[in-house]
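In the two assemblies presented below, chain A is common to both, partnered first by chain B and then by chain C.
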Partner chain A sequence: MNSAVLQAAAPVLADSFIELPARERVRALLDPGTFRELLGPFDRIESPWLPLQGIVCQADDGAVIARGTIDGEPAVVAALESAFQGGSIGEVSGSKLAGALELALRDCERGRIVRPVVLFETGGVRLQEANLGLAVIAEMQAAIVALRRYVPVVGVIAGMVGCFGGMSLAAALCSHLVVTKQGRLGMNGPEVIEQEAGIDELDSSDKRRIWQLIGGEQRAATGLADSLVDDDVQAVRTAVVDAFARGVPKAHRSEQVDAYLARLAAIDPQTVTPDTMRAVFGADASAQIKE
Partner chain B sequence: MTMNDTQQLTRGALWFRALAGESTSKAPVWSGDAALGDETARFVSVVPDADNRFPRATDNVVGLEQGWLLGRAVRDAIAQDANAAKKRPIVAIVDVKSQAYGYREEMLGVHLACAAGVDAYATARDAGHPVIALIVGPAMSGAFLAHGYQANRILALDAPGTLVHAMGKEAAARVTRRTVDELDKLGETIVPMSYSIASFAKLGLLDTLIGDVDADAPSGAHIERVRGILADSVRDARADKSRGLSHRLESETAHKTRAASIEVRRRLAAQWDAA
Partner chain C sequence: MEHLTFEYPAQRAFTARAHVGVVGSGDLEVLLSPAASMTATVDVRTSVDGYSHIWKSVLDRFFQRYDGAAHIEINDFGATPGVVALRLAEAIEAIDLAAGNSGAHGGSGVQGGA
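After this line comes the complex of A and B, so read on.
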């Protein structure tokens, strides 16, 4: 344990990470006293599109960006506030994330490493800004792929909203994903699948089945996330610090084309279940393939 | 082109054949090299696959196999050109209705499969391959992210049926608690919500809207013109100093419609380093 960790633990006891709003989550991950917010609420850069539809804006558009240090190293942490529009990606909130990652990339290219962390708590594109939400997600993804060459990009999916839509692809591009049991990671939300494919495909009211399908525990057990931690500020923080200590992986998950095609070939689509999937996608299977 | 399948060809398949001939890979992802200008380009398209092992991914959608196979098609070109001074252009022919929606898809990580497509195209672009997206049909949501949205340049046929959007109209109406008519009306004033390719062109994201081409039955002259525009776009992409996507914020259109995207970046940069 380093001193920063001990200091952070002092003010609050057994603190839930999930209960914290986005800004406090970011503060909790940065070394104590180093949090410096960029484009905060007082800068008032709001969505230009929501007022045209009679929807009340939020002064930070639901995205928090802060610089500081993590384990003493320069860092930038970006978070989405699920209490505003479900953490959805609008032009401004998405550009804040993309812009922060692009600046981290610029610094890395100049030899100044900045540790990037993204706290995913989002349903994906904000439909009131539709095509611009999708566009900034593509820009964010471009930045993550470029940045990963210099420094691990660490994602956190703590819950309770989870990470869906185009942002689930952004999460999948991260070098290291930290999840809690309360975090969910999926491309299409259960309601969307039920609507598109019918209730026989998936009953979105069957919560237990959905947690078994896309919950943090299952994602970690099948190698689609890297660290499963308790809903505890200290546990999340430690997992993030450890992820950076591990460095850039030899091959990122999204680069392992042959390994994943082999896994898909090894399962039977007719009979596969979240349980039986573990034998093919499980941590042991991953370890073999990564070598 | 064989006689018995010409009628059933999707746009993605039809334009692949028109521009690149026969695929060297089987459905659901066609890929192959063909002449473009004075060089050879890799063409990639997602096509229907009636016999796909995953029943929710038999159409021209991006599912588990499609995502990873897009990754393979693109990475194969990157590997072949690893030591080449001049990297071959990669053309994504885009006609994707959606990502695959299904229980198995979620279980087995369709989000990661789609990310594999994103990763491969972004890596190709960063490695110096000019990457061009040619939209010939729907370019929907996560499927477009996986196949085309990482391109240096984006072109689209100005034809019925070409569109870019984050969610199908009916589903978007449900989620935003509006009727389809209301959604259409909103699209007239809220440019990013519109389902028309002409509106998409106003966002600064589209480099060329190609008019006067029959998207379903192109003549030889139509195909030659599209090929010429593709070659011009390759030249244009190579002239870019940046290998990233900053080009998308540079046009006059972007300065008008995406002023907030530009302003956020400008002010973030100003605050990035502590005073």
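After this line comes the complex of A and C, so read on.
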């Protein structure tokens, strides 16, 4: 065997962020050696509802919360594990996220700024825990809105699950959203839309179409996400650090109601396409709003 | 969902704990922690019913190779026996790494993974 040939043929492997499980994603965003997990798997705070329905629990209920520093500043990172129940929000996993944000809020109110980051990889409410999941998402949203007066709340949607349901609203409330091309952000998932509105409305097997509509690239091009990055640990990390450096926006998206209503009015739902959507919601237009 | 328990005699004590894996499709989560007595206990919660004899075979083989007084909790979401064996070996490896490869819990019996 010729080792020179082997060397030349070796592909340049990116340090994929998407391939990391939730705990490793959190570790990758915090400064090296500062990861300190809150309510980890050995605390065994599991879902009390899943066993009643014959479903095996995960010891951390699919939510990883860790304190540490980002760029030397105190931070808390919360991540959902997409492999466990689709990253869905149960009573416990949701309470862990809401609690982490509320603790950060308490610190901020006392003058100690803690940088909050949420890694959204979730189908939304865990259907087996329905109302409890919904209630806790409301708590999370309230905490995000309260926190963002003090410090930017940064969300990351890396993929491959994406961010859907009530959690898409939580993501939309963030000060700054980092997305990859692979990430998706939407209220109803494609399968749900096909099931409810029919295959003529949306063919959920048409991946290209789905990503044109709700993929990270389109969301960034229409100003509904702020940074589009490659699936690379360093790229995601840099985007998160930059987001905090930018500071709290003058007006969050959810505070620009009139401007967004005007844009919606400029769109004809019968004929709208991903391109015409960009023309109305283009990043230029959103930059004007933010000034 | 089925809950299975197994017990094995042990001569060496574990001093560290390890968590590996995820309760995702075809995968499992392993929580390994030191046991109070010189016995290894295994608690398995699995989404697939009726395979206790396979679990026993996999664990018998594991404890032939590794000796340690551990409490092992397994949350399984339909992993194959091969995946179960790999995750168990990964947990041991994580403990070895945490102990700085100094073999805090024993010699060849624990580390013989090859």
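We adopt the following convention: the second predicted complex is superposed on the first by the 277 of 291 C-alpha atoms of A that agree within 3 Å, B and C clash if a C-alpha of one lies under 4 Å from a C-alpha of the other, contacts with A are read in each partner's own complex, and residues count from 1 in each chain.
Just so it is clear, contacts are C-beta pairs under 8 Å (C-beta built on N, C-alpha and C of every residue); 3 or more make two chains touch, one makes a residue touch a chain.
The structure presented is a predicted model; accordingly, all values stated were derived computationally and were not measured.
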Using the superposition on chain A, decide if chain B and chain C clash or fit.
fit
Once the structures are superposed on A, label A:193 by its partner contacts, choosing first (chain B), second (chain C), both or neither.
first
A:277 contacts which: chain B (first), chain C (second), both, neither?
first
Would you check which partner chain A:96 touches, where first means chain B only, second means chain C only, and both and neither mean what they say?
first
Examine A:136 and indicate which partner it touches, taking first as chain B and second as chain C; both and neither are also allowed.
first
Per-residue contact with chain A, leading partner among chain C and chain B:
B
Kindly classify A:49 by the partners it touches after superposition: chain B alone (first), chain C alone (second), both, or neither?
first
For A:266, is the partner it touches chain B (first), chain C (second), both, or none of the two (neither)?
neither
Touching partner for A:160 - first (chain B), second (chain C), both, neither
neither
Taking the superposition on A as described, I'd like to know which of chain B and chain C A:251 touches: first, second, both or neither.
neither
Nearest Cα pair across chain B and chain C, whole Å
15
Taking the contacts chain A makes with chain B in one complex and with chain C in the other, which residues are shared?
none
Residue ranges of chain A touching chain C (in the complex, touch as defined)
21, 40-42, 51, 54-59, 62, 81, 83-84
Residues of chain B defined as touching chain A within the complex
53-56, 64-65, 68-69, 71-72, 75, 98-99, 101-116, 118-120, 122-123, 125-126, 141-142, 144-146, 149-150, 164-167, 171-172, 174-176, 186, 189-194, 200, 203, 205, 244-245, 248, 258-261, 263-265, 267-269, 271-272, 274
Which bits of chain C are touching chain A when the two form their complex?
1, 17, 19, 22-25, 27, 29, 31, 33, 45-47, 73, 75-77
In their shared complex, chain B is touched by residues of chain A numbered 36, 38-39, 43, 45, 47-49, 52-53, 65, 67, 91-92, 95-96, 98-100, 102-103, 124-125, 127-139, 141-143, 145-146, 165-166, 168-173, 185-188, 192-193, 195-197, 201-202, 213-214, 222, 224, 252-255, 257-258, 260-261, 264, 267, 269, 272-274, 277, 281
